[in-house]
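What follows are several structures.
Two complexes come next, and they have one chain in common, subunit A, joined by subunit B in the first and subunit C in the second.
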Partner chain A sequence: MASSRVITHPLSRRQILKGGAALGLGSAAALGLRPSWANPWGQTNIYSKGIEVGPEVSLAIRRESIPIDGKEARPFSINGTSPGPMIRLKEGQDAVLRVTNLLDEPTSIHWHGLILPPGMDGVPGVSFPGIAPGETFTYRFPVHQNGTYWYHSHSGLQEQLGHAGPLIIDAAEREPFRYDREHVLLLTDWTFEDPMSVFRNLKTAEGYYNFQERTIADFFADVREKGLSATAEMRGMWAKMRMSSRDIADVTGSTYSYLLNGHSPEENWTALFQAGERVRLRVINGSAMSYFDLRIPGLKMTVVSADGQPVQPVPVDEFRIGVAETYDVLVTPEDDSAYTIFAEAMDRSGYARATLAPREGMAAEIPERRKIADRGMEAMGAHDMEGVEHAEMERGADGDREGMDHSTMQGMDHSNMQGMSGERSRMNANGMLAAGAAQPGSRYDQAGIGIDSGERRVLVYRDLKAFTPWPDRREPERELELHLTGNMERYMWSFDGKKFSEVTGPIRFNKNERLRLILVNDTMMEHPIHLHGMWMELENGQGELIPRKHTLNVKPGERVSALITADAEGSWAFHCHLLYHMDAGMFRVVKVA
Partner chain B sequence: MRKMLLALVLGLTTTTAFAAGQHDASHAATSEADVDRTIRVEAGDMWFDPEGIEVAPGETIRFEITNTGNIEHEFVIGDAQAQEAHREMMQEMDGSHGDGHEGHGGHDMAEGAHGGEMPAVTIAPGETAELVWTAPGNVERLEYACNLPGHYESGMSGNIDIRE
Partner chain C sequence: MKTRRLLSGTGTVLAILTFSTAYAEEGYDAPADWPSPMAEHNMAMALFDRLEYAVPDKGHEELVWDFQAWYGGDVNRVYLKSEGENVQGDGEDAEFESLELLYSRLIADFWELQGGIGYQGGVFSDDHAERTYGVIGLQGVMPYGIETDVALQVSDEGDVSASFEGEYDLRLTQRLYLQPRTEIAMAASEVEEFGVGEGLNSVRVGMRLGYEVSRRLAPYVGAYWEKRYGDTADLARASGDSSEDTAVVAGVRLMF
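Entry: the complex of A and B
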């Protein structure tokens, strides 16, 4: 087995002791089955679904009966587990990943966030033909990066049924933090329904999974608070957008079981530590459709990495993780007690939960779930957003951009948004905003709907700051603006009002150009936008220290931008990472030539 | 194993002086002649090398701290409690120091718990700063730390064990 390979690192006596401690305390599931090892910076290699250590790894994809949350289920499995095992590579290696399809349908694996040759990216129809039943495809690529990533199927809706796993790449050089122990926390949303029928339900009945719709009781409560005319007006606006103000998520806890490392809240997966240790938690949102708000009551978390890339440390109490994003956080539990890792679904319809404890079998209190947020509150100016509300209302949600009033976009420039006035004056020679400046209409100082930054310190995009400037310091030569569009009622999702099936050709990037991609969200939902093959440098106002991401969360009505160095020749997928949005048409091919 | 131990010894670039004269543990100005030992400390992103030191009570140390990282760091000496208080204050102030802590590489004091003062120095990337300090005789353990938001939490601290 690949995982039995001995990793040769010079170990000091102290690190050997640490390794021993890890062995003595390690997850019972992993112990005895998997070796534990430590490297000079204190990594421990424990993951409850098993580990495959590179550079050569073989993966077998099956569909089999594996109980989930104690109930009968038929997920996709990778080497016999679902979600799949952790794949562990090392920066500088030449990875050889053999994927064997033991299904009766085609499959694929995409290495999310990895910079690699286009033929190795794993998107059927874009990078390669896919892996036919009975076939083995060998992915070969040099590993030029490190950090926390993940892998998943890019075929149909397979990802929904556990066809995913963590991909961890150890750094060749010292990382900008130290720690004694690490754990991977992979968040997923499992359904016992057939994903095809979930998709059909969404297409035929908007709000099918939304049992938190406003009721007549809410209406009277609103009338009491806001008066009759304001209430009626608000309801009218939402009706016009063919949405409900409680469309926080389109697939909810009414069908989903939220899992952490494949385990339900009741199963209480436990991550172990010794008091006083600094623990690195590698958090991956491998969900199909669910954003999570994660906190560990009683512990401050220090965010040290976003999407696998190191960032200057940010101490927080809670952070929101969009679908496909990853964050690494450090925690230092000082006492010998248990802590709840609480990842609440953004729409508050459920949660994933695990426990951080010095021993197996311990538990801490589970926080009360918060109430569902109401998008009406956000749009009605609860966040200094005068101007935005009108823009959002007039744009509607049907992807019809003709009716959009661009003058209201101008209006937003004067609204009270943090740090904008200074940046607006910084234009480059082409009359564009200077590299790294935040676009007017961005809300990088807000975490998003239903999360109260007054109550506790919450991570926002504005906090993310690299240690050093990324290598390409060129100003953008060109701007490319794309609108995120959709029709909730007909469950049509698209870019610029056109579904993938309706577009004639790819989005073209000129080879080696420096490009600014502007994303304007015309819908009232969050969209995690993922570009394959190239980094997106999120222009969050941090100047030359803007962070590098593979997935950008774009909030409703928001306008965000990223700089891209188009150095990866070939065809790449570009899409919303909400699985059913992608399948409904929010997908494009980017061609770099 | 031998190679590794050698690396460890080299990593601790301390030069021991033979003199271990009597000093009182105050922060009074200390002349060059009073320094018993120079300890070189590397402040990187986000660590100190060495990760811990041992000193004798009353020993006067000249710390030479070189910032080999990409961002600003500080080097503050105090007990764990005072460090935590300073850290909380820094976080509230969003990382900026108060009065008298603006200059890079200058000697300074950081405010700890109960208004107590801790020897402190701020070091810009690429720069080296000095801090002369005499170990008190009445405590067994202090910490050196960088309390800029998130830095201590990322690993920028070390223990000073004070024993004969």
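Entry: the complex of A and C
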């Protein structure tokens, strides 16, 4: 029984065959080999690419022909699928993960977000030498955490071609929320190009993939809307800086097919539910380069976990998920109808889509796509303004903020807001900002470019609040400030102006110190910054209840900070999780000693 | 042949490029046989910014190229640049107005300092007068997005000249662009053999309308106006050319 807004159309035999072919299997074989999802009603754990249940798991890495979006493709496969299977571990287990390299090049798997011994982290050149062709490497580590994580290759650009998969750890004790059913939603960005040529295009021709640049038509539209002098002033500023305010994503839908669980929007992967069930969606952004804004029109989502760690429930209509982040949301569809899971790329050049439905073969309306936004003055925050008066900048920034809807702010706990202004003056004994206080220059109350919190309730970092304080309550003993830097024209990306090849040593953390890491984004791109081996407690102004994350999105011009307990002796990777930024040099080694 | 001198220069420039960056494993206990976690890649690209057929109002029709290619990393690169033309119906082979091998170093976010050697003369023929020169230049993007190439040349005879090229892409649609372009040539002394007078030699202003079929291929049409000044104009007139001309062009921008 479908409601009026649901279009149902039975699958033709041809479509079924096409769907089967997309998995690289005949339809009969798909039914035979994929019981885990061919019978989706029979269990609560559904991930369409197969499940490997721990503690002992063997994974074989191959490069093989598997059609993607119905087209000929040669992705990396893990146990025959791309993206790889879901690995399911249980908190308290001793995991034994055997990875066999059946490629003709070295490979690796990094367990993203897991706290484990440094030799098991899977970063070639930092944790281990990598896995040579024909070799099997056995990862062994105790599992001390639970939640939604993922895994991916840390070798070269392999991650771009499907060398990734979800990693779910079931909790040893009851989680602070309940649900009847769960689905994993793994977002990826697939290209039929060779990743090395994508990199070369970025390096040799700025804006190669951007087909949403400003044109003179946009200029005249702005003149009509804002007047000639305001438009000319704004455009003049951007032109003077030799930058594009439409530089939202380096690699776009012009080459990417945005996939959800390996399926294109047209293939419409379907997650099933029964009306009235509470469904847990474990959303993972396993993309190489793409931020997504995810919503399910008609359903309120309750965010219950961020980067695998529980947070106090936040009801939202939409959330932005940076590359490598994970969010768990609960939805309770009451109607026996289909809902579209709509994950729009941040630059609006495309989207991933799936359907949440009570039966297979259903579909709901696909929302209208939004137009790309222009970056405003906030992106220039820390930038070299070259003669642009500072006063103008301030005015511009304020103007932009006024454009935001304040309903979000009202919806927030008001005591927090008061706390925020108080925090600025609150210093600890070391003369530093008190633990948990938001850095001046942070924009935790904003979701970021092109997302309108007036239109619907959008998750912002400030909403994230832990259930109970994380164990280490010490004030920071030391502050370490790192600038996120780059040269857009040359596609050089770095920390503190130095690419990885230009630094001579690691970033040093003192064993067991309580450290405040301050990240200042001097560029006009977002950067999802990932620290291996240790949590980063995001100082989003929630005081004792600051959330902890493995990947922090730092918006252009923003200054954010995180508290770190440097308890993981050894060498760890620290980098921007935009794959081509990392490869261009935005990578460091952190040594805890 | 003087082009041989260019080739011997190649080795020197490549040697400068290959002193590779120190490995960053130092200081974090990675065994020596482990790979570097992030490998740097050298890149190469080639661009025919203009490959066009020009039909002037007064002068001869000609096939014109404006080419550059580079190989290297983010900071150090080797450039091969060439501009030249084959004048149609003059019975002569094509001529390199310039063929340059340059070492290039990034000195600011948008600017590369370039230096090397150049050759002017026939393309594998003796149809044209030849000379070699040393060149130092600055290539980059000026504020407001004007792509710029300024260079100073000193010939093997000690003659000094300078050139400026600037172009700008005005985006009409995502694929259609309008490209104004200016070239200015100057010289410190007269070199009659090459039609070069003292002072301001020539100014050429053009406009091209291109369509990007892809980022690598953009056919275009356009026009330019050119004026020669002073002694240069006199030399042109003496050899039967006019000192002022306009032309229409059709061509293609190609990137590899």
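For this structure, a couple of remarks:
Keep in mind that, in the parts below, the second predicted complex is superposed on the first by the 492 of 593 C-alpha atoms of A that agree within 3 Å, B and C clash if a C-alpha of one lies under 4 Å from a C-alpha of the other, contacts with A are read in each partner's own complex, and residues count from 1 in each chain.
Quick note on the criterion: a contact is a pair of C-beta atoms (placed from the backbone, for glycine too) under 8 Å apart; a residue touches a chain by one contact, two chains touch by 3 or more.
On a predicted model such as this, the values are computed, not experimentally measured, just so you know.
Aligning the two structures on subunit A places subunit B and subunit C side by side, free of any clash. In the overlay built on the shared chain, the residue A:582 is in contact with subunit C alone; subunit B does not reach it.
In the superposed pair of complexes, A:304 makes contact with subunit B only, with no contact to subunit C. In the superposed pair of complexes, A:178 makes contact with subunit B only, with no contact to subunit C. Following the chain A superposition, subunit B and subunit C show a smallest Cα-Cα distance of 41 angstrom. Touching subunit A in their complex are the following residues of subunit B: 3-4, 7-8, 44-47, 69-71, 91, 149-151, 153-155.
Residue ranges on subunit A touching subunit B, taken from their complex, read 10-12, 174, 176-179, 278, 300, 302-304, 312-315, 330, 332, 467-468. Per the touch definition, subunit A reaches subunit C in the complex via residues 106, 123-126, 128-130, 154, 156, 196, 199-201, 203-205, 208, 211-217, 236, 239-242, 386, 487, 489-490, 492, 499-506, 571, 573, 582-583, 585, 587, 589, 591. For subunit C in complex with subunit A, the residues that touch the partner chain are 21-22, 24-31, 33-41, 43, 45, 74, 106, 109-110, 141-145, 170-175, 215, 255.
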